[in-house]
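First, the structure itself, so that you have it in front of you.
In this document, chain identifiers A, B, C and D correspond to the written order of the chains, with residue numbering beginning at 1 in each.
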């Protein structure tokens, strides 16, 4: 009689149903050996880095394993939008501080809006997106200053938000440096909440640069996601650090961790573009 | 008249649901067939004038079956029943035993000289139940309470893999618990 | 409606549950059989309360007892399955019996 | 003492609930609109924003349903339909002023049993389409249920304890003079939180949250989606509305008739919830669970103990 049971387990490992493979068991965090589900997340999903594909191995909703993949980045000769001012400056063009500051503020507001939407704080997420559009469209500083500072303060003061995401995706500065992360994720030296606050403080600092017509300082080559003059585009390092942060996280936490790093897949084309520019 | 109709509908649904529990391949469907059956049991109890107990059965069974479905999907192979398979043993023998049991019970039910109704239900049977449980049946209530408490302890001990020494270190001095997922009270 | 009809329904549920409990290999399915049997007992107890001794609350107490037993049986059952599953990846009665060897 | 409502109330109830749901959704859309596009400049613009949920409902009516591979359509459908059904059945014991469609002697337990149907409903809706994200959403609701249900039960038990009755009408009558919210504040707050949780809305949107691309509702489209999400608004209205007879004195109040007070109080509670939602992110259950069991369960138990002592010494 017991053979029936064993047979059951074998059937379990080989079957195909309705064109879909049946789930198989595997070791997991809670030592329950539950069924494994292979779920690709991305490339197109709202509030998700466009083009990023994570091939997750889920047990329940715990991420057991993750492979980072992305759509092929077309090698068009168009600079990645969010890094454009710094790259142009590196190529010797004249770029005003106003332009760089606007781009940085908008990039961080964009990232923060995405993170807050994933966290489920729709109200502030919507405000961040609206402010991003206003900053990008060249609204004068007086027009956005008050609104922006109010939003930044609201994010910084929210205890529920801190309660909700503190401790997710802990990335120490040492580890970040070792992987080659630069920019706010390195400076934040901590979890998703620290990274969000770092974005917010950079937005607030960036306000001072608005409407500043002087040219960009020659040593300022740090875009919103890190140094653009390094050997690799900054988002590549963020992608490299993803697997170690995501493994063992629950699905919701995994989404928050990805959003708190917010890699920009456009940047991956950067290596070839900047290489060509130098040549 | 209306009561008769309700009785028959609920009774047939209950039996049909009970049979379907063991005929569905899909674990989810089997669980919800059982829920249907037990909800009908709750309905019959309501029909008998036990409002409180009937509604409590509906409440408890809904929650219980919802949780049961998770365990079914978690532990059973082939939870969606997409691959028909049977996992039974000794079907014939069991069928004979059960038919015999039913026959004996039915014979007993139909042949027994049931006593006639003594007294009539009070206006508020729920109050009766409460007074009884807190009075003459206090011992039952206390036993039930203890049994439930023992169950809570036993299930946690059985199901968990990690005790407080795993969470707070050998000397229990760790300030925050070493858990795979951080909780909400900041401990 | 009569006492006999209710009791027959109770007997039917009890027998179906018994069949399930005897035949099913999976522990979880076996528990469903037990639940059905307890469902039968509930109907029987409520019917006896209504048709024989509605003045006393004993029939109701029996229903409370059955409902509690259902909850306890369910909780213990799932805990045992989890423990077995964690130890040996076993979820069937026959395989659990083999563990003795 | 409440008297039985006429038969037509049975028909009016779902309609009234639906109207309340549409108004609430409109108010929510208005607030969302001002966050997304700045505050409305004209009344017309505000009105357009407020009818956005209705437009969305019409769009869903004509949208094609979505099919998924190896779906369990029977159970999925059942889950979708159960949500509004549970809401309306729970609403049957909701007194308008001093009358409810039905006022059974165990009305409070009935209410609780009907909203427990939502447990089954959301899980079924998540299970049905055979999609990983929607199943994750379905499971999340069970976790959420385990977190909110116990404190919730203790909270409503406290109100019943204060009135020494499980009949909703008696609970309202017991609040003549002093509303329960005054001496059961902890139970009231816990009730409001669990009302949001059982309507899986706002900060408790976790089962349908955006990070799982809509969770249990991911694969729902067309009429299914309308029924499911509309049912969720109904559930919110009913659960928020039930806090009025439980803690806010039901139809009691000076000058105005009972139904008007019920309406005003319900609207106030709903407005508080809709506006309060804007201050909170979604509460994830791995965090909330611990708070619910370590803080809210003891808190509600202490509250119940306090009320029990008061009742005994009365």
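Note that in this section a residue touches a chain if its C-beta (ideal position, glycine included) is under 8 Å from a C-beta of that chain, and two chains touch if they have at least 3 such contacts.
Because the structure is predicted, anything quoted here is derived from the model rather than measured.
Between B-D and B-C, more C-beta contact pairs join the chains of B-C. Centroids built from CA atoms put subunit D at 26 Å from subunit B.
The distance from the centre of subunit B to the centre of subunit C, each centre being the mean of the chain's C-alpha atoms, comes to 7 Å. If each chain is reduced to the centroid of its CA atoms, subunit A and subunit D end up 35 Å from each other. With each centre defined as the average position of its C-alpha atoms, the distance from subunit A to subunit B rounds to 46 Å.
In subunit D, the positions touching at least two other chains are 70, 139, 286-287.
Counting partner chains per residue, subunit B has residues 56, 82, 87, 89, 161, 181-182, 184 touching two or more of them.
Touching of two or more other chains is recorded for residues 25, 82, 85-86, 92, 94 of subunit C.
By the document's touch criterion, interfaces exist between A-B, A-C, A-D, B-C, B-D.
Of all residues in subunit A, those touching subunit C in their complex are 1-2, 4-5, 25, 31-33.
Here subunit C touches subunit A in the complex through residues 25, 82, 85-86, 89, 92, 94-95, 97-98, going by the rule given at the top.
Contacts from subunit B toward subunit A in the complex involve residues 74, 77-78, 82-83, 85, 87, 89, 161, 180-182, 184, 186. Residues of subunit D touching subunit B in their complex: 70, 72, 74-75, 78, 104-106, 109-110, 112-113, 116-117, 119-120, 123-124, 127, 130, 139, 142, 145-146, 149, 166, 286-291, 294-295. By the touch criterion stated above, subunit A contacts subunit B in their complex at residues 1, 4-5, 8-9, 11-12, 15, 17-18, 22, 29-32, 34, 60, 163, 167, 248, 250, 253.
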